[in-house]
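Letters A, B, C and D name the chains as they come in the text, with residue numbers starting at 1 for each one.
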Amino acid sequence: MADETLTADAADAPEEVEVDSARAAVVEALGAQFGDAIVDSHIAKGDLWVRVAPASWAAVVRFCKDVLGFRFFDFLSGLDWLNNPDLSGEKVWDLDAEPTVAEPRILDRGYTGGDTRFQVFCRLINIDTHVGVTLKVDVDEAAPHLDTIVPIFAGADWHERETWEMFGFIFDGHPGLRHLYLPGAFEGFPLRKDFPLLSREIRPWPGLVDKEPMPGENVPESAAEGSLPDGADAALPKDEPKDEPKDEPKDEPKDEPKDEEDSA
Amino acid sequence: MGLVPGYVKGLGVTFRTMTRRAVTVQYPRVKEAPAPRARGVIALSTENCTVCMLCARECPVWCIFIEGHNDWEPPRREGGKPKKGFVLDRFDIDYSLCMYCGICVEVCPFDALFWSPEFEYSEANIAELLHDKGRLVDWLQTVPEAPALEVGAQAKKGAK
Amino acid sequence: MSVTTDWQKSAYISSQAADARVNVELETEGMTLNIGPQHPATHGTLRIVVRLDGEQVVWADPVPGYMHRGHEKLCEVRKYPQVNTLVNRIDWLGSFANEVPFILAAEQLMGIEAPPRAQYIRTIFFEMSRIANIALFLGDMGVQLGAITPVFYAFRDREHVLNLIESATGGRFHPNYDRVGGLKEDLPKGWIDEAKDVMNRVRRFCDELEQLLVGNEIFQKRTRGIGVITPAVALDYGLSGANLRASGVDWDLRRDSESPLAWKHADWKVWTHPDGDSFARYWVRLQETREAAIIIDQLLDSLPAGPIMAKVPVKIKVPEGEAYVETENPLGAMGFYLVSKGDLSPFRVKIRTPSFNNISICPWLLKGVFVPDIITILASLYFILGDIDR
Amino acid sequence: MLAVDFTTYGWVTALKVGVVLGVIPIGSLIFVYVFLFKMMSHMQSRLGPMEAGPHGMLQPVVEAIKFLQKEDIFPARADRLVFGLAPFVVIVSTFLLYLVIPAGPSLIVEDLDTGIFFALAVSSLSVIGVLMAGWASANKFALIGGLRAAGQLIAYELPLILAVIGVVIQAGSLSLQDIVYAQAGGEIFGFGAIGNPFVLTQIVGFVIFLMAAQAELAQTPFDMPVAESELVAGYMTEYSGFRFLFFFIGEFGTAFAFAGIAATLFLGGWYVPGIEGGLADVVGPLALGGKVMFIGFLIFWIRFTYPRFREDQLQRIAWKVLIPISLLNIVVTGVLKVVF
């Protein structure tokens, strides 16, 4: 993959040079106009990312619309780069094991990534030259404020309401930041990574795997300390390696006998 | 037809349709056969199933419940050591949850699950939509032959 | 269509003037009306709070969210094949067309290209889901205006397209046929000639609707000059698809963005209309349905032989990176912004749906409009609730 | 034992009213079955109801029973008295229309000298019923529907009446029986074989009468009051049970009656060329039935094909288009009447 940080004036990676003259020109124009407000830009696979300093967010968007001709407002949304605690619920129900706390490791932030946990990104398209730009801006966690672009693009109204509702970023100057999808009394911001997915917390995972002794074989010590209550509910895999809960939990003991409790 | 005013042409269309045969098929008496590849219900062949739980794990809506236990199987060659094997106790698919996406049929490495275009198994009580192993095996008879592929197609190696 | 653009100007001025006139006249106590969430005119559960003065709308505010299923959150906990089943339930009428942009985004990150035969068949199914989607709208616009008959023709002819999709993919509404790197299976025998005569039926359906509605003076009187959207406002709100092309903006992602699908192998025309009113939107969609039938015929003739699936690992892990792919879905431009951290399930999926932007223009568009015209304008914008609420 | 003399005027009228009361439900049921169930569905390439009775014949009866056994719900904040009475007011105007329609030389309940005048006066009674229903059901959609209905029905009364005046001038009498005889007897430029059905000379009046009748029945393209896609069911939204059945019968009964009046005024009523006297009493109703079916076909054919007008377009057509043309028609008929 192309290297992450690509300062505006650095020579593009050779194989992209002839492909993206149009996009490079956009980066040059932005750099010329705003200087260091354009913190970072990245061109990959025929697409353009530009990260902007939070202060000049609205100014850059207006500049893109009026001068550079990005008149089509595509969408605006938020990103949360906290690492993904095991939302998927595909974990073994280890009743007596202490819950693994997701250590707050902030992942590196993809293309033109900043250093804060949250980011807002908005995409504009230039209809005539078919060039699309994704403008990104960092939003710090403590005071997630950003000025609104509704005066520039009237269509951003709903998008900002949805981003406020899902991530908790406050858009200063927005005509009416109220709930779009969620009921009025909903607290919490669903699309943040630390917001649990309740439907998967409650039900145990049917694809559960645990070990059960071969009948007639000498009973392994695991079954000695307390017989499995009719084998239905307490699934206690003893020799299960406690690895990263997120990735593929159990595919190595292919011929392992499977037993799991059924909760249907 | 330029000079015929719009509303007269409209009347013409409705009159023409009135004179043509209606397309309704009166379902209980006349039944239309669904396409051979239609995803109506999932059939299970217990011989192939090795209780590997892949289908239960890959199902997006967690509607497959499998239970099995270890058992000694008679040795294949006489005098040989009894082979460690596993027996499928319970294989339920809850059709009230299933969304007919077909991931389980695809992901099964031992071709134990098949699609059958059967669709007339609606129940009054939703609990009966939980088909147990017996019923899933019964569906096997309704599984059609895989239809021949279009000209120019390359048959996949282990075409399901 | 020898239509001058004064329709555009006069309707635009009248709608602004209506706003001024309303609060000057006799101080009648306005009435707040709730259209929806259970209302025949909304495709699903959209509620519009409308404040009326007599029969004229003073203020309108659509309230989405009755069908919010949290797609973006669910995508983060599903593996890639599972997201495919989730994704074709967003715009459930043209559901194969939803799978394509997501799969293209994943393929772009993985650097995989599906074999040409798969690209052709993907484009054929893409255009077929366009026909299935827009055919229902062409009939439904009639019902919203009171003509009960066209919607039955739409359902009758749409049935054949759905049967075609079912015979090849297995599912009528949710085909789940697209895979990263190609397609699940190849077409069954005899499918191409079946598709040919269904396309003739679709053409006959378009002619019938042209005679029944488009030519009808009452239909024209009810839709011309109603709900006029000027190109500048359409671009501001991010309207896409036929709504944008009906305002005279010549932009079609099938031609303008370099997507790996097979549109470039067929020659077809992008239809636009200068007026930007409800009639223009209906007319452009009717021509697009005919164009889709033409594209499918050409692609069916030039379908290359060969494999259907590229070499792809069984367990799909998309390498780290971000990609945004947008395609011209039946309702408008639908895009997937895929962020991947290189593991089994995507890290973040932003789903850009056309109806979300198309409906966000309602507060501006419905001001100063008569009650029956609210329904005309909503029907002409043609949105699906799954698209708005995700 | 008191010898009851059946030939007195009282009994004969009671007998006739009994026959008419029998004809109306059967007539509207036949209308509903043939047009709303069968013709509409075949026009939409579907079969329509097939289960109840052979080819779905008993469907209207089954439908009526369904409505009767449904619970008759009154909305909480409705004005109970007015809400309850509204369907009856609408039904009254339908039943009164049948008094003056002649089905044969002697088959008429009451041959009023001012027959057509009475019919048109009575047909405007339903506006009151509709307004009562709209206002009393305390439902926003019903209120809008009721007000629209009032505006529309009143606006289309005038063209209805003016269209009829042309016929009256040519027939020289207001009584429907005389109009039928005038059409039977008259001839055009000496060719009198099939009589002179006024549709030939009064084609303008016929078209305006049909359009106005379409509007009186609140049918597409004039069905603003019952616009399904906006007002759910207009003034009938809150009704259920047998009250809704009354509205339903009212709608199709009036359609049957208007078709009867149109057939009598323009297509020569029960008159069949070459049949006189007693035989006409037998053939008359059949002939009238045939003509009514034809006009019903026209009305419903238009209903299933066209979208609906918007409120202001509707009014503009009534006041600025239909009334001037019908006035012109009267003048032309008057002049021609004098000249010939």
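Throughout what follows, contacts are C-beta pairs under 8 Å (C-beta built on N, C-alpha and C of every residue); 3 or more make two chains touch, one makes a residue touch a chain.
Here the structure is a predicted model, which means the values were calculated and not measured.
*Asks:* Compare the CA centroid of chain D with every other chain's and tell me the farthest one.
*Replies:* The most remote chain is A.
*Asks:* Once you count every C-beta pair in contact for both, which comes out on top, C-D or B-C?
*Replies:* B-C
*Asks:* Need the central chain here, defined by C-alpha centroid distance to the all-chain C-alpha centroid.
*Replies:* C
*Asks:* Rounded to a whole Å, what is the gap between the Cα centroids of chain C and chain D?
*Replies:* Result: the chain centres lie 44 Å from each other.
*Asks:* With chain centres taken as the means of their Cα atoms, state the distance from chain B to chain C in Å.
*Replies:* Distance between chain centres, rounded to whole Å: 30 Å.
*Asks:* For chain B and chain D, let me know how many angstrom lie between their CA-based centres, rounded off.
*Replies:* Inter-chain centre distance comes to 55 Å.
*Asks:* Quick one: chain A and chain D, Cα centre-to-centre, how many Å?
*Replies:* Chain A and chain D have C-alpha centres separated by 67 Å.
*Asks:* Would you please write down the residue numbers of chain A that are in contact with two or more other chains?
*Replies:* none
*Asks:* If you look at chain B, which of its residues touch at least two other chains?
*Replies:* Those would be 7, 10, 13-14, 17, 23, 58.
*Asks:* For chain C, which residues are shared contacts with two or more other chains?
*Replies:* 78, 149, 153, 156, 212-213, 216, 218-219 - these are the residues of chain C that touch more than one other chain.
*Asks:* Write out the stretch or stretches of chain B touching chain D in their complex.
*Replies:* 7, 10-11, 13-15, 17-18, 20-24, 26
*Asks:* Under the stated contact criterion, what part of chain B meets chain C in this complex?
*Replies:* Its residues touching chain C are 5-7, 9-10, 12-14, 17, 23, 34-39, 58, 60, 99-103, 106-107, 115, 147-156.
*Asks:* Write out the stretch or stretches of chain D touching chain C in their complex.
*Replies:* Residue positions touching the partner: 40, 43-46, 140, 144, 220-221, 223-224, 227-230, 232, 304-313.
*Asks:* Please name which positions on chain A make contact with chain C in the complex.
*Replies:* Going through chain A, the ones touching chain C are 1, 44-47, 49, 71-75, 77, 79-80, 84, 87-89, 107, 110-111, 121, 123, 127, 130, 132, 134, 153-155, 157-158, 166, 179-183, 190-191, 193, 195, 197, 200, 246-248.
*Asks:* Within their complex, state which residues of chain C touch chain A.
*Replies:* Interface residues on chain C, with respect to chain A: 64-65, 68, 70, 72-74, 76-78, 108, 232-233, 235-238, 249, 251, 256-258, 315, 319-324, 326, 333, 335, 337, 339, 341, 343-345, 347-348, 350, 352, 356-357, 360-361, 364, 389.
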